[in-house]
Amino acid sequence: MAIRPSSPSRTATSRTKTSRTAATRAGLAISGLTLTALILSGCAPAADNGGSSDPVAGGTLTYATGDAEPTCLDPHVGGNYPQALVATQYLESLVSLDASGAVIPWLATEWSEAEDGLSWDFTLRDNVTFTDGEPLNAAAVQANVAHVQDPATGSSTGYLALGKVTGVEAVSDTVVRFTLSAPDSALLESLSQPWVAMQSPAALERAKEVNCESPVGTGPFVVTEWDRQNSITLERNDDYTSPPADAADGDGPYLDSIVWRFVPDSATRYAALASGEVDVIDNAQPDALVAADDDDSLEELDAPRPGASNRLELNSGIAPFNDVAVREAFIRAANVNDGITSLFFGTAERSYSALSSVEPLGVSDPDLFDFDLEKSNELLDAAGWTERDADGYRVKDGERLTVTFPVSTNQSIPAEQSLFEQIQATTKEAGFDVVLEPGDLSTWYATLAANEYNVVSAPYTKVGPDVLRILYHSDGITPAPSGYFANLAQVNLPELDTLLTEASEVSDAEQRSQLYADAQQIVLDGFYILPLYDQQNHYLYNTAVEGLRAMPTVSTPTLAEAWLDR
Amino acid sequence: MKRPSVVETAPVVVLAFFVVSAVAPNLIAPGDPLAIDPLASFQAPSAGHPLGTDESGRDILTRIVHGAAPSLLIGVLATAIGVGLGLVLGIVGGLGPRWLDTTSTRFVEVLFAFPGLLLALLFIAIAGPGPVTSTIAVGLATAPGYARLVRSQVLSVRRSGYVEAALVLGHGWWRRLLRHILPNVTATLFVLVTLGVGQSIVWASSLSYLGLGVSPPAAEWGAMLNSGRTYVASFWWMTFFPGLAIVLSAAATTLLGRSLQSRVRSS
Amino acid sequence: MSVEAIYSAARVGAAPLVRIDGLTVRFAGADSPAVDNITLTIAAGECLALVGESGSGKSVTARSLVGLAGAGAQVSADTLEVNGLSLLGLSERRLERMRGAVVGSISQDALVSLDPLRLIGREVDDALRLHTRLSPTDRRARVLQLLTQSGIPDPETRVGQRSGELSGGLRQRVLIAAALAAGPRILIADEPTTALDSQVRDGVLRLIADQATAGTAVLLISHDLTAVAAIADRVAVMKDGRIVEEGDTSAVLHNPQHPYTRQLLAASPANKPRHQLLLSGPTARESLPSTRTGDRTASAPEPRPALALEATDLSVAFSSGRDRSRPVLQNVSFALPVGTTLGLVGPSGSGKTTLARIALGLQQPDSGELRLLGKPWSSTPEKLRRADRALIGAIYQDPLGSFDPRSTVRAILADAVQRDGASPSRAGRTTRVTELLDSVGLASNIAERRPHSLSGGQRQRVAIARALAAEPRVLILDEPVSALDVTIQAQILDLLDALQRDRGLSYLFISHDTDVIAHMSDSVLRLD
Amino acid sequence: MTIVAASRVSPRRGGTGVRWLIGRLGGLLFVLWAAATLTFFALRLIPGDPAEALLGGPGSQASDEALAAAREEYGLNQPLWMQYLAQMGRYLLLDFGTSYSLREPVSSVIAEQFPGTLLLASLALALAWVLAITVAVWSARSGRIAGALGSALEVVAVALPHFWLATSLVLLFSTTLGWLPPISGRSPSGLVLPVITLAIPLAGFLGQVMRESLLNALSSPFAQSARTRGETATGVIWRHGLRHAALPAIGLSGWAFGTLVSGAVVVETVFARPGLGRTLLSAVQARDIPLVTGTVLVVALAYSLVTTLTDVLDRIADPRLRTEANA
């Protein structure tokens, strides 16, 4: 069946039926230092400031990122969110998504899936050249897929996204055919991600270190300098011809250059924005968002990362949370709402679902998460945790009711860490001894791998409800070759496994929706998780910046249409 | 003895406050430093909360008062480790045979090649972060300085007129060591320690600030600064007051050390 | 007033160049004035010696003449004039113009009065730079000339050196050159010879005397009456801020009127024969020990060796310190007969102290041997030597440094009494401490005080008492009186003499002061 | 009275500047060798697999191939003494291995980041000197109250933690007044706040030392003697006092440089300024052992060189060190 971009696929149809948001399988992404896969944001780009004035070309925009500095600017290598953020400015993918979540043309103008679903043909856009002069053609796509799949590249996210691709052949100079090991309805979404963006085949030939420093793409900007620990400088690609189909009309890119600065300290980052030193910041903290609200010269772009919500996983694999009553007692004893209200200043909304609020199939059940200390105490008494020691913690068989909570300081923003402290303080009332163990990512991984945790927050996200399968299928308890396992709650229920596997294969929307709803209810009812809020993704920018928008694919900001009004 | 001046009394008053805070915090601030009140968070200093509240609505005054014990203890313990090591190395160097002196002096010189917090950071990189390692790390980092001072002190006492006089009187080595050398070295060492505690407090809090020492929500000044730094632009009191506590205690111990020093010198 | 005006005022001539009338200086917080209503004049070409012990106010008087009486000083006077210029109410700026140009000063501590970091040439040039309009070339020539006039050999080299490279005598000559650089009419020399060896001292004094001969008014300050007798025209004796006697030098020296002047004269060991008490009268009695009690003198005398110390060819190649190039002693031999004193003299760095340390068994000679009371000493290992350490004791120049700062006098003495092995009972110790204090002429109530609250003389007595505690036969006296005023020095010397006669002690007496050595020694060993 | 004369020969003294310098450099080499040795053995104290530690600890999830490669690269399957010799050999060539967190050779990371830190430290040292001299001279000129005030200022300055000072300065000069950029980068104006932050505590320290030796110098006989020659109070400070005040401060400057580099750890992080301090902190946080050891050793090398240099300067500035060893 040949599919024109305008005629949505079956999945896409069901998607448009159910929601404004896209919900389909997409590749696995490591976001920031988190495993994430993203769908488009539910928010409209905030760039339309009346639109009265015409874009002005020129100027340098300074972007300050709080994300870690990439070790390689080629997102094929590894593949994390910081790479995606900056790569959005100079690399482009075969396809993109529009605001409604529909797949739209980008470097490929059209595509078609074979009847058996085992091969796809992509027709490439004409007259696109990489910034080193190499043409974008079938051979270039071949080279890119080969590069991602080459173990020497060390690709993780892109490699997984192309997991079912067994070969790429050039049908003609402009038509390229992907052959698959099995049908993959998520292939288009996978290809929309920056982690499999197209790079100049000549550039890929260079040594890895060189390509890491100056990857060559077709995007609106070109990497010209990387001053480590300080900034990346990007210059305008004057020959830019290939915006995605949903790009605004105009002859961008307008900016002469972008200075992409690394400012890890959030207070400094905001101070730099407020003082006009930088124009755009990401990872804006709640208090900064509130402060920016009062500042007429600042605007906010809220593009929550879609997928699963931010939630605490209660490790049901080991004591004490192998007892559902203790899990419920913990959840009932945790006063989360007050903390979210005060720490996030209303910039984040409480979630009662395993999935992000933008997920149409998300099931919310607030009643399960009521703060109820009395009930918590009853549950614990009933569960045999009847005694209390001198410090007020519950004791059973001489064993204190200790809950080990490793916190990755790289992944949890300060406000979130404070929220954990508040959970620690409130659950203490019920007699829980929550031991917060803040540490770097390496220590955190080690604690998880050693199964020495009782609670953990691990914002794993995957586009669509299929994320549930990754997170709660018992397969996820077995560590992947990398040592990481996603089912951190260690939910091991055969009936849940069945529901999740079935849901990922069934094509009927109603049925699928029901299956996922049932699965979520099981997870929620079993008190395996304590949902907190959506994954936050706030940008702040100077009002002088016009035309800034977030890509509907992975919510990274694009400066392709941005210009400076000053 | 002359009447104590303001410069001498002020640090004593400040330190007395912090010592009382450390020993009996409930006398000054009878609250729970970890008690949260999320709905009363980020409050500016007021009558109810003289120094304001932090992000979880904890009273900052209470936390500073209760934080005196861990904060000062880390400084004191680190100094103790540093002085202890310094004493061993310094006494071995100052009293031992020549080859031992040379060896220990060289060893101290090698430790000296890692200036400031470098030795501490190297140690943390090896042993991993945490309050215990950061205390040891600061102790290690200060040890070579103390070793050098102790050695020179031991040498100057050993070569002093009164120790020589004891030798001329026919007094044995042990008697000279116990009666004259050690007591006199200890006397001046006390001053050095007082001067050094301030620096240790600052260093230990720096490590906590960098997330390598005590971690929040513990009421430790460096850790309080660490969690408050995100909010520095909006809620200055969260970082200002814990910082002030560090500065005051460090400056007060230093001033105290200096007035002790000048008293020792003048007598 | 410009410098020229000051000069022209000076040329008027006849009037005294220094006129002081009713000068009183008080320091804030002090009970009595440091200088109490004194009156002095010095004419051109005249040398006035201002003599007195420390604290008598002579230095304050001198400093008042250049407006540098010190912080917190209140200076009042009916007249305070130099070269016809009244200093009273003069601005700091004008005082600065006067200093060096009208009044030149030579300060007390020759060794440390030159900036160790600056070149000699620059130090001498200061006054020229500040008070004349000479060109740099002319100033340089003048500096060389001044150095030559001050008796400094090879001035070309010296201008490029720093004080550390000069001997004490040369440093003082440089200071004189610097003081005279701008041609002042008045020269103040405040103890110009302290810390200088005796030969050097005479040269420096002669140089100062020459200035008076050349028409300068010289104010010479000294604690030692006899030392200045040679060059001063007149002498004024100060005590407690007042001038107690003033007159022509010969009149004051030969016919002193005031008892204090007489005491000062008597106290000087110069030209006093051996064993003559320096002090007499009630003060002297008090400070000498009472007659010895106890049975030790009565005990049967052992057959005594004839020599207390006997050194044969002692050599020390290097000092124990940093300098590894200079032999300290080379083939030194001497003999100290029992019951006598061997004076040890020599310039600083000549090895006097090293010799003392060898005698005390604190240092080994590289070759040669020192025997104590006929037995090997320097070659004995410390373990064996310890038993005999009681035989030899020491008294140092700085007694304070030789006391444990934490101890009281009682603790110091008790510690010395309490010998390893046999320690007397508590009561026995107390008795012994009192006995020791008595033997050096100290009251027993001093026992509870700490040494730093004692006077210099008292401290030295405590040091002597401690040395006596072990019943030594030989005492090494290393500059025992150098830091003391003449009267106190005389008391200590008398005490030492009495103890020697009383107990048959043998002394190795080290001093840079030849008068003291001559007075105290039976024989003299000179190190160069 | 008999006079015995003894003579003493006094040849020219030996220890020349060159010999001193050779000795000093020899000491320097020894210290570096020992520091490297110490580091080598300290790393062997890390519990667990050293190969894993080299790759970021047990949490790094290093693959078996990576572990094998690391074992190969560092010769971890060879006897300890072989490993030691090989390690020393690599250090000699300034080869500190590869940073796993930055995926770059440690030596090139250091080469890239050191100049910025060096600039920062040098400027801070210079500013600290200026501040210290100013306060010292001012308080020496203006009597007791100023002296007490200057002394109090110095004590407080020394007690100021860098991080607190830095955030306070940002709050004041960037957020409130908007005069200076809160982030440093590589622009000259961005250097102002980091340099001030580093300089103030150091100035306090140098100031204490300088003021004490300045006051000592001013109350010493040679200063008094200069006054009697007509030198003004200011003249005495400039011609005599400052040299003496500078001496201990020169000696301390080497040490100061060391504390500045470790201060840069905090300052570079707060001001988002690229540099060795920030590299070191992130390396410690990531437990990037090759990067930590490489950085620490290079700083130790630089520090030792600087202290040697200040010793030389000290000898040049203070003739007493050259001539009065035998006085």
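As written, the chains take the letters A, B, C and D, and residue 1 is the first residue of each chain.
Criterion: a contact is a pair of C-beta atoms (placed from the backbone, for glycine too) under 8 Å apart; a residue touches a chain by one contact, two chains touch by 3 or more.
Bear in mind that the values here come from a model prediction, so they are computed numbers and not experimental data.
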*Which of C-D and B-C has more C-beta pairs touching across its chains*: C-D
_As a quick test, compute the distance in whole Å between the mean CA positions of chain B and chain C._
46
*With chain centres defined as C-alpha means, what is the inter-centre distance between chain A and chain C in Å?*
87
*Averaged-CA centre spacing for the pair chain D and chain B, given as whole angstrom*: 21
*What are the residues of chain A that contact at least two other chains?*
265, 267, 271, 274, 440, 443
_Overlap residues in chain D, where contacts from two or more other chains coincide_ = 167, 170, 175, 269, 285, 287
*asked:* Two or more other chains touching the same residue: where does that happen in chain C?
replied: none
*So, with touch as defined above, which chain pairs make the list?*
A-B, A-D, B-C, B-D, C-D
*Contact residues on chain D for chain A in the complex?*
56-61, 63, 101-104, 109, 112-113, 167, 170, 174-175, 178, 181-183, 185-186, 269-275, 278-279, 285-287
*asked:* Quick check on the complex: what are the chain B residues that touch chain D?
replied: 7, 106-107, 109-110, 112-118, 121-126, 128-129, 198-199, 202, 205-206, 209-212, 222, 225, 229, 232-233, 236, 239-240, 243, 246-248, 250-251, 254-255, 258
*Show which residues of chain D lie in contact with chain C when the two form their complex.*
1-15, 220-233, 235, 239-240, 243-244, 247, 317-320, 323-327
*Any idea which chain A residues touch chain B in the complex?*
265-267, 270-271, 274, 285, 287-288, 290-291, 335, 338-339, 341-343, 409, 414-415, 417-418, 421-422, 424-426, 436, 438-440, 443
*Which positions of chain C touch chain B when the two form their complex?*
360-362, 386-387, 389-390, 392-394, 396, 398, 401-406, 415-416, 419-420, 452, 466, 469-470
